[in-house]
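To keep things simple, chains are lettered A, B, C and D as they appear, and every chain counts its residues starting from 1.
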Amino acid sequence: MTGPLFDITVAVARIAVFFAFCFGLVVVMTWVERKGAAYIQDRRGPNRADIFGIRAWGLFHPLADALKFLFKEDFIPDNAHRLFYQMAPMFSLAPAILAIAVIPFGPDVTVMGRKVALQIADLNVGILYLFAVSGMTVYGVVLAGWASGSKYPLLGGLRSSAQMLSYEVSMGLSLIGIFMVFESVRMSQIVAGQGGLLFGVLPKWGVFVQPLGFILFLVAQYAEANRTPFDLPEGESELVAGYHTEYGSFKFSMFMMAEYLHMVVGAAVVATLFFGGWQVPYLGDAGFLLPGGSAVAVPPAFVLLLRIGAFVSKVVFFAWLYVWIRWTIPRFRYDQVMRLGWKVMLPLSLLNIFATGLILLLLKK
Amino acid sequence: MIAPSAYLLLSAILFGIGAVGVVTRKNVLIILMSVELMLNGVNVAFVAAGSYLGDAAGGVFAFMVMTVAAAEAAVGLALLIALYRLKETVDITELKVLKW
Amino acid sequence: METVLFILFGAIAVCGAIMVVTRKHPMASALYLILTLFAVAALFVLRQAHFLAAVQVIVYAGAVVVLFVFVIMLINVPESRLPVERATTTRVLGVLAAGVFILESAVLARRFWMPKGPAAEVGTVETMGRALFTDYLLAFEITSVLLLAAVIGAIALAKRKI
Amino acid sequence: MTIGVKKVARPREMSFPESLYLVEIVKGLGVTMGHLLSNIVRQEGIKTIEYPEVRREMPPRFRGRHRLMKRENGSPRCVACYCCATACPAKCITIVAGESPDPAVEKYPVRFDIDMLRCVFCGMCVEACPCDAIRMDTGWFTPPDDTREKLIFTIDTLLEK
């Protein structure tokens, strides 16, 4: 294959593979959320949808839901602002899809004698790009809330915009420690930087060099994704269903997909920045190099497989963590969310930056 | 290859449109947005000049402009909210009394 | 390629800007403002100013316009109570004045000399960081004071009881 | 059991590690994960009754779907006296009486419809019936259906059980 053709094929393949992975995970997540919730609450959960009598523990429910959403009547309320009402779900889904682009899902591989990065786009502003697109997510919620022409969505939209603005600040600040330690904002370099060892034993993952940053970032991520305990933009006990009260059929399902895609992308970001991305502890290019000094040789194809597998399992774990947290922790009150955001998270993230800077300065000397 | 003057022209157009918005609209919110547009037009010129001349000052200036824009928006909107509480209007021609 | 992209994003930016100043409802204006900001960010990318493009989207689209949208929702002026706009003559005069300004700048821009070359790597994270924390450190620090003042001012203005 | 006064423990001050919530959240996660795993491994903890397949045993006094009783010869026991229709607070029983072919019995119901959409399951009809012709001891709920017409139960449906 010639140059440009090869490039285009690789680009399309990377996008297709990673996109398929993320959307596949979204579909599975909707099932995991319902089934997991049921088992956590001593219920049985969805188990009715079947194909030719095969129920498969309710695994066909996402399919049934998708079909239902597709065939439902698509209506627009009278009071709604038609254009914005229709745009809101798209605004909600697009940033989540865009954010996929900068996440590396594997090490560089050699295909037909050429080096190919397993990442859709390796931008030199990697994380900043991630911030930029995740800052866009608020518009979907706000626009939906405002354009519905109804009070509960409006309140949900207001809450959401205030919440997201507040937590974006500490989310950004909590990552600055990561920039400082790994000396880059390029995602691939951050992952590469996490391959080393700390004190010869611990893998040099973000979570070990930035424990406070990790907790702050995780909390801020949950707030950004509007997940429990920060799901008060759609707090059903007081706001019916929050910003998407007036939505039905496929538009509602787009909001759903956006929410789950945010979870998947958020999980991928946490795995990449704080848990070494595709890095497997002690695994080098040639094989395992255990801290005791012993080495186990592993064939290169298997190394690649292990690394991609490690990334996938990390993402799956953190995606599950979203569900797990949701069915463990109750929702905050609005003033508690604001207090946590401004009076706890913000000072702590500033402290984190300061402490990181101090330690780096002392280590450099 | 694009001539530097193209960027400057674009910058001027954005600035001009923003200025029209500031002088012809009555809605305070839109006037504030037009101010943002003007600042953005200026940023285009700064960034273009910085990158053509190979001087980091262009970028730094644009960065400062963004900071100022953010501060301006925050204070402007706070003022607007305070005024709206008082006057129940966003019409700038009705906000002509400077004391209350 | 660069020319095509420049014309495309330039056109989007200008159209968005026109929409911002002509829409009746501020929410529509805010959304078109986002469009313009994105187009301008794309233009920054064309000039290799990746860092500035990212900051443009984060700060403007991610924070400033969200603030606008928040305020629009917060005061939620009904459509019937939006201010009646100025007479057409005023608007035409405004457009004419702006046209004169743009023409003048066009003439000036053609005279203004800049080396015509590929974009220098001045807008990347590394160069921007170096410039901000060495040559322009004082300006950078003063910016933080400005932001602090803005924060305090905004709270003092918008809060009912302090 | 006598009515006693129950002492409720007042919430005490949180200690510092508790006020950080981090450990407490992890404990909570442990609890939920425990439930999840135990419910996956052995399903004893699950309290859900899978309704159409598995039915809860209803107590004998549960008022369920109506049924009409039959005599030994298979004819309905109802004599179309309208007592139930009169007693019904929801006015959901419609009876059309006809002359019975059996000389020992005066009348029989030509039509006996119960509009299940209006029935409030109060059991007044059962109380009112002088000849124990209507009972509500089937232990069934009214099954759902997709048209209103199908939920007006006729005499044939009611006699089936």
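Here, a residue touches a chain if its C-beta (ideal position, glycine included) is under 8 Å from a C-beta of that chain, and two chains touch if they have at least 3 such contacts.
Note that the coordinates shown come from a computational prediction; the quantities given were computed from them, not determined experimentally.
Could you split the other chains into touching-connected groups, assuming chain A is not there?
Contact components excluding chain A, positions unchanged: B, C | D.
Counting only C-alpha atoms to place each centre, which chain is farthest from chain A?
Between chain A and every other chain, the largest centroid distance is to D.
Can you check which chain pair, B-C or A-D, has more C-beta pairs in contact?
B-C
In angstrom, rounded to a whole number, how far apart do the mean CA points of chain B and chain C lie?
Roughly 6 Å separates the two chain centres.
Roughly how far is chain A from chain D, centre to centre by C-alpha average, rounded to an integer in Å?
46
Once you find the CA centre of chain A and the CA centre of chain C, what distance in Å lies between them?
29
Centroid from C-alpha atoms only, then distance chain C to chain D, rounded to Å. What do you get?
Each chain reduced to its C-alpha mean, chain C and chain D end up 66 Å apart.
Give the residues of chain C touching no fewer than two other chains, as numbers and ranges.
Expected reply: 51, 55, 63, 67, 72, 74.
Looking at the whole structure, which two-chain pairs count as touching?
All chain pairs meeting the touch criterion are A-C, A-D, B-C.
Touching residues of chain C toward chain A in the complex: what are they?
So the residues of chain C touching chain A come out as 27-28, 31, 34, 50-51, 53-55, 57-58, 61-63, 66-67, 69-70, 72-74, 76, 124-125.
Under the stated contact criterion, what part of chain A meets chain C in this complex?
81, 84, 87, 123-125, 128-129, 131-133, 135-136, 138-139, 142-143, 145-146, 154, 157-158, 161-162, 164-165, 168, 172, 185
Okay, in this complex, where on chain C does chain B touch?
Going by the criterion above, the answer is residues 2-3, 6, 10, 13-14, 17-18, 20-21, 23, 26, 29-30, 33, 36-37, 40, 43-44, 47-49, 51-52, 55-56, 59-60, 63-64, 67-68, 71-72, 74-75, 77, 81-86, 90-91, 94-95, 97-99, 101-102, 105-106, 108-110, 112, 114-120, 122-123, 127-128, 130-132, 135-136, 139, 143, 146-147, 149-151, 153-158, 160.
Going by the contact rule set out above, which residues of chain D touch chain A in the complex?
22, 25, 28-29, 31-33, 35-36, 39-40, 43, 45-48, 50
What residues of chain B sit close enough to touch chain C in their complex?
Where chain B meets chain C, its residues are 1-21, 23-27, 29-30, 32-34, 36-37, 40, 43-44, 47-60, 62-64, 66-75, 77-82, 84-85, 89-94.
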